[in-house]
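In the two complexes that follow, chain A is the common piece, with chain B as its partner first and chain C second.
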Partner chain A sequence: MVVRTMRRGWTLLRTEVLVLPSRIVVLVFAVGLLVLPLFTTDPYLLRILIMASIFATFAASWDFLAGYSGQVNFGHALFFGTAAYSSALINVNLGISPLLSIPIGALLAGVVGVLVGVLCLRLRGPYLSLTTLVLPIIVVSVFFAIPDITGGELGIRRVETITRDRVANYYIAVCMMLVLCFFLWKLGNSRFGLILHAIREDQVAVRAAGLNTSRYKIMAFGISAVVAGLVGGFYGHFVRSVGPAVLAVQLSFEAVIFGIVGGIVSIVGPVAAVFILYPLTELLADFPAFQEFRLLAFALIVLLVLLFMPRGFVPWVRDRIEQVCPSCKNRNTRGRKRCRVCQTDLSD
Partner chain B sequence: MLQDIFFTGLINSGIYALLALGFSLIFGVARIVNISHTAFYMVAAYMVYVLGHMLGLPFWLAILVAVLAVTALGVLAYKLVIEPIREHDTAVLIGTIALAAIFQELMIIFFGGHYLSIPALVSGYTEVAGVRITNQRLLTLAIVGVTLIGIWLLLTRSRLGLAIRVTAGDREVANLMGMNVGGIAMWTMGISVGLAAIAGVMVAPLFVVDPLMWLDPLIIVLAIVVLGGLGSLKGSVIGALIIGYVETMTVFLVPAGSFLKAAVALSIMVLVLAIRPEGLFGVAFEEER
Partner chain C sequence: MVARLLATLVWLVISVLVLSSGSALAADPIRVAVLGPMGFLQGEHHWRGAQIARDEINDAGGVDLGGERRPIELIQIETNEMLSVSDATTAAERAITRNRADFLVGGFRSEAVLAMQDVAMDYQKIFLGVGAAHGELGERVQEDYDTYKYWFRVSPTKSADLGRQLFAVLASVAEQIRTELGRDDVKVALLAERAVWADPLVQAAEHNLPNMGMEVVGTWRPSAVATDVTAELSAINRAGADIIFTMLSGPVGIVVGRQSGEMELAAVPFGINVEAQKAGFWQATDGKANYLATLDTYSPVEVTEYTIPFVESFIERFGEPPAYTAATYDAIRVLAQSIEATGTLDADTLVDYMEETTFRGTAGNLKFDERHDPTWGPGFVTGLAVQWQDGEKVAFWPNGWQGVSYEGMRPFRFPTAMRED
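And then the complex of A and B:
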C-alpha cells in the first residue's frame, strides 16, 4: 500500500514535475523553504520570509481574480484588511483563539468579496478597477470616525499570536502559502479556471455558450477574498497589531505591482516577484545609506522590469527556457525534438 | 454658513475640475490611466516653493516657470516611460504608479517628509455676499475659471482641439484618416499635465505642500472621472462640481465631517455607478447588455 502510493507519487513527480525546468524550480523553491529552518533560525531572516509568504499569497489571490477572471481589482486590501480587523476584533474583545478567529475573519472577507463581486458585475475595465480602489478608502474613513471600536489611527493593539515561536510561525506561514497557492494554481488550470479565462477573453461568447458568467465572476471574487482574508488574519496575529495600513491604497497597489511585475495569469509570477523584490528591499534597507532610497529603488526596479519585460518576469523567463507545443498547447523544455505529450515534431 | 459652503465648494470643485479634465483628456485620447497625474500636481507645487520661496523669484514668474517645466517633465515621462509600454494596459498602470512613487521619494529626499507652507501671493481679503474671502482664494478662482474657458476654447475652436476630440472619439478611424495619433497623444499629455501643474501651483499657497499630497486628490479625481464617465469632458466638470460640493457640505454640516468627507464623496460615486455603470456621461459599452 505504502509502496504503491510512493511509486505513484514518484511517477507523478517524474512525468509532471521533472519534465519542465520551471516546475523543477518551483519544487526546489518549496523544498528549500521547508528545510531552511534546519540550517538557520535567524529570527530576522525568518521574519522576512514570513512576511514574504503573506504578501506572496496575497498577491497570488489578486492574480487569481485579476489575471484569470480579468476583473482587475485595485482595492484588494479590502479583503486583507476586513479579515485582519475582524479577526483581531473577535480575538481581543471576545477572547476567541486565533485558530478560530482567522477562519471567521476569512469567511467575513469572503462575504465582503461576494458583495463586491455583485456590485462589480455591471462594471467593466477601468470602471471596475477604480470603483474597487475606492472601497477600502471608504471603510478606512468610517473606521477613523468610530475610534471607540476600531482604535482609529492607532488601530487594535495586543492581538494574540498563534504561537510565540518564530520557527512555528514560519512553518504556518510557509505551509499556508504553499497550500493556498497550489490550490489557486490547480483551480486556475481546472474547468473552473478555463471558464474564467474564457470570460476574460469574451464574456458574450461564454454567455452564449450557456454558462452563467455572473456566477463564475462572483465566485472568483469570493475565492480570492477568502484566500486574501486567511493571510490577512494571520498577518494581524503575527504582527500583533492591526492598523489602517492593512486597508491602505499602498497595500492594494502592492498586490497589483507584485502581480504585474511577476506576470499575471500564472500564480507563480506574483509569488516569484514577492520573494525576489521583498527580501531585496528589506536587505537594502539594512544599509543606512539605502534606508531612504528604499521605495525609490523599488519603483525604479519595477519600471525597469516593465520596460524590458512588459508581460512580467515569469513569462519572460519561461519563454526562454520552455516552448508551447503548437498542436496540444502543452509546455515543453526548449530544445526538445518531440512534444512530451503528443509527440508532435518541435524541431522547427 | 451657506455662502461659506458656496465659495469653498466652488474653489474645491474648480481645482478638482482642472485635475479631472486633464486625467480624462489623456484617458480619452490614448486610453492611458495615468496614476502619476496628481504627482505632477505635487511636483508643480514644490517647484513654486523652490523658485518662489527659496530662490526668491517673483511669484508670477515662479508660477509660469513651474507650469512650463512640469509640462515638459510630463511629456518627457510620456516619451521615456509610458510610450514604450503603451500596448500593455496593466503595465501602463503600474508604470505610472512607479513614476508617482519615484516623484514622491525624490521630494522626500530633497525636501524631507514634513509640511512646507508657501505664503499667499496676494494679501488681504474681500467681502463678498457677507463673507470674507481672502484675495488668494479669489485669485485661484479667477485663474481656474480662465483656464477652464481657455481649455474649452482650445478644444472647440482650434485644429489641435478638433484633432484631440476626434482621436478621443475613435482612435482607429482617426488613424485611418491619416492623423498622427501618437503625436496627438503627446500633445494631449502635455495639455493634461499642464492642467495638473496649474492646479498644483494654485493650491500650493492655499494648502500645505508635502510629499504625500498627491494621494488624496488622486483618489478624488479618479472618483470624479469615473462618476462623470471616463473620457467625457462635460462629465469631468460636472463630476468635479458634485464631488467638490458634497465634500464641502460634509465638512461643514456633518459632525466628524473631515474624517468622513472622502467616504461620503466616494460612496456617492459607488452609488451612481451601481445605477449607471458607465458613469453620468460616459459611453455605454455596446457589446454588453
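And then the complex of A and C:
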C-alpha cells in the first residue's frame, strides 16, 4: 500500500512537476521553506518569512478573485480585517482557543465575502473596484463608533497566540500558505476555474451557455474571502493585537501591487512578488541610508518591473524558460523539439 | 632603506595604538535602538534627542560600566508605524536580534507601540517608551508584572494625568478671568475633533467644569482635517464663551488658530492643540494665532537645571525647539545613570534600580510609579502650558500652582477683544 502510494507520488512528480522548470522552481521553493529551520532558527529571519507567507497568501487570494474571475477588488483588506477582528474578539471575549477562533473568523470573512459578492453583482470594472474600495473604510468608521467592542483606534489587545515558539509559528504560516495557494491554484485550473476565466472574458457568452454566472462570482468572492480570512486571523494571533491597520486602504493596495508585480492569473505570481519584495525592503532597512527611502525603493522596483515586465515578473520569467504548444496549449520547456503531451513539432 | 623601514614600523605602531585606543571606546559599545517613524516629525525628534544625549555622554568619556568606559551607540530604526503595525513589530525584532540592541527607546503610535512592547518583552529587553500616551501600556505592567516589567514610559504622562493637568490649567485660566476681567461666571466652549481619544475628555469636561464653577455653553466636534471652522467659531462667539477648550491633534488646530484670530473672537483658546506645539505654527497661521494656548513639554524655562541647556543645545543644533518625543534624551540619560549605578547591563537589576530611583530629567523629577509611568504632580513631572504671544511660544503654567513655579515663566494674556468685551 505504502509502496504503491509512493510509486504513484513519484510518477506524479515525474510527469507533472519535473517536466516544467517553473514547477521545479516552485517545488524547490516549497521544500526550501520547509527545511529552512533545520539550518537556521534566527527569529528575525523567521518573522520576515512568516509575514511574507501571510501576505503571499493574502495576495494570492486577491489574485484568485481579481485575476481569475475579473472581479477587481480594491478593498481586499476587508476580508483580512474582518477575520482578524472577529477571531481576536472571539478569543479575547469568549476565551476560545485561536485554533478554533481563526476558522470561525475565516468563515465570518467568507460570509462577508458572499455579501459583498451579492452587493457587487451588477457592478463591473471601475464601479466594482470603487465600491469595494470604500467598504473597509465604512467598516473602520463603524468600528470607531463602537470602541467598547472593537477597541476604537487602538484595536484589540492581549490576543492569545497559537504558540510562542517561533519555529512552530513559522511552520503554521508556511504550511498554511503552501496548502491554501495549492488549493487556489488547483481550483483555478479546474472546471470551476475555467468558468471563472470565461466569466472574466465574456460574461454574456457564459450566461448564454446556460451557466449561472452570479453563483460563480459569489462563490469566487466567498472562497477568496475565506482564504484571506484564514491568514488574517492567524496574523492577529501572531502579532497579538488587531487594530484599524488590518483594514487600511494601504493593505488592500499591497495585495493589488503584489498581484500585478508578480503576474496575475497565476497564484504563484503574487507569492513570488511578496517573497522577493518583502524581504528586500527589510534588507534595505538594515542600511540606515535606505531606511527613510524604503517605500521609495519599493515604488521604484514596482515601476521598473511594470516597465520592463508589463505582464508581471512570473509570466516574464516563464516565457523565457518555457513555451506553449500551439496545438494543445500545454507548456513545455523552451528548447524541446516536440510537445510533451501531443508530440506536436515545436522546433518552429 | 633601514630608516624607511623604521619609519614604517613607527607609523604602524602609532596606527595600532591609535586604533586600539579608539576601539577601547568603540570596541564594546552599549547599543541603544531608537525606534520611531523617522520620516515624521515625531521620529525625527526621537533621533535628535537621542543624538544629543549620546554625544554628551560619549564626550564625557562614555558610561562607566564596572570600571570600564563604554560609549553609547545609537541604532536608528525606522518603524513605519504610522502605516503598518506589522512593520513596526518586525523593526523592533530587527533591532533586538539583527542589530543586537541592548535597550530600546522611542515609539509613537500607541497601536504600534503596544505590539512592539510585546516583542521587547519576549526578549526581556528594557524598552523606554517616549511618545505613546495610552494608559494600557502601563496597565500591562501592573497586571502582568513579570512579563511587562521591562517597559517604562519616560514621556508623555499617561492620558489620565494629561486630563488632570488640563483641568488644573483651565482652573488657573478661569481664576485669572475672574480676577483680571471681573467675570464671575466663566463660560467654556468645548471644541474637540471627531476622534475617539477626545471622547473621554469631552465627557470629563462636561461633567467636571460645572463642579469647578464654569458653565459649558456647548460642544462642537469638527473633523480633525477640517479646513474651515468659521461656523463652529461663530456659534461659540454667539454663545458668549470666554474659553475655547480645544482638544485637537490634527491639522484643524492650525485652522482654529488662524480663523479665531481673523474673527477676533472675545474668547481665548486653550487645551490640547498638537499643531500649536510645533515651531512653525505661527507661520502656518499667518501670525493670526496670538494668545492661543496649549499643553506642551519643552520651553526655555528652568524646570530643572537640565531643561534650558537641552532646549538651547537642541535649537542650536537643529534650528527648532524640541517636540516631546525628544525626551529620548532623558531616556538615554536614565539608562546611563542606571548602568553606572548598578555596574551591569542585566535587565532585571536595572529594572529594580529604575523602580527605586528618582531621576532628574529635563521635564522634571522622573519617578516611575507602579505602572512604570512617570509620576505626575508637584515635585515630579508637571508638564507645561504655553501660549503664543506675538510670535513667541512662552510658558505660563505652572506659575504658582500648588507651589510649583519655574524660572522663566510669563503671565497668561488675554486677547484684546476679551478685554474690550
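Throughout what follows, the second predicted complex is superposed on the first by the 348 of 348 C-alpha atoms of A that agree within 3 Å, B and C clash if a C-alpha of one lies under 4 Å from a C-alpha of the other, contacts with A are read in each partner's own complex, and residues count from 1 in each chain.
Quick note on the criterion: a contact is a pair of C-beta atoms (placed from the backbone, for glycine too) under 8 Å apart; a residue touches a chain by one contact, two chains touch by 3 or more.
Quantities reported herein were computed from a predicted structural model and do not represent experimental measurements.
Colleague: May I ask you to name which of chain B and chain C touches more residues of chain A?
Modeller: B
Colleague: First (chain B), second (chain C), both or neither: which does A:L100 touch?
Modeller: The answer is neither, since A:L100 touches no partner chain.
Colleague: In the superposed arrangement, does A:F298 touch chain B (first), chain C (second), both or neither?
Modeller: A:F298 sits against chain B, while chain C stays out of touch.
Colleague: If you stack the two complexes on chain A, which partner ends up touching A:L18: first (chain B), second (chain C), both, or neither?
Modeller: Neither partner.
Colleague: After lining up the shared chain so the two structures overlap, which partner does A:C342 touch, if you call chain B first and chain C second: first, second, both or neither?
Modeller: neither
Colleague: For A:L133 in the superposed arrangement: first (chain B), second (chain C), both or neither?
Modeller: Once the two structures are laid over each other on A, A:L133 reaches chain B alone.
Colleague: Of the partners chain B and chain C, which touch A:F144 in the superposed model: first, second, both, neither?
Modeller: Both chain B and chain C are touched by A:F144.
Colleague: Looking at A:M6, would you say it contacts chain B, chain C, both, or neither? Reply first, second, both or neither.
Modeller: neither
Colleague: In the overlaid three-chain picture, which partner chain does A:A205 touch, first (chain B) or second (chain C), both, or neither?
Modeller: In the superposition, A:A205 contacts neither chain B nor chain C.
Colleague: Where on chain A do the contacts with chain B and the contacts with chain C coincide?
Modeller: 144, 292, 295
Colleague: So in the complex, which bits of chain A are touching chain C?
Modeller: 42-44, 47-48, 51, 144, 147, 152-155, 157, 164, 235, 239-241, 243-245, 248, 250, 282, 285-286, 288, 291-292, 294-295
Colleague: For chain B, which residues count as touching chain A in their complex?
Modeller: Contact set of chain B toward chain A: 27, 33, 81, 84-85, 87-88, 90-91, 93-95, 97-99, 101-102, 104-106, 108-109, 215, 219, 222-223, 225-226, 230, 256, 259-263, 266-267, 269-270, 273-274, 277-279, 282, 285, 287-289.
Colleague: Residue numbers of chain C touching chain A in their complex, please.
Modeller: Contact set of chain C toward chain A: 38-39, 76-78, 80, 83-86, 89-91, 93-94, 97-98, 110-111, 114-115, 118, 122, 134, 136, 195-197, 199.
Colleague: Over in the complex, which chain A residues touch chain B? Could you list them?
Modeller: Residue positions touching the partner: 72, 119, 122-124, 126-127, 129-131, 133-135, 137-138, 141-142, 144-145, 203-204, 249, 253, 256-257, 260-261, 264, 292-293, 295-296, 298-300, 302-303, 306-307, 310-311.
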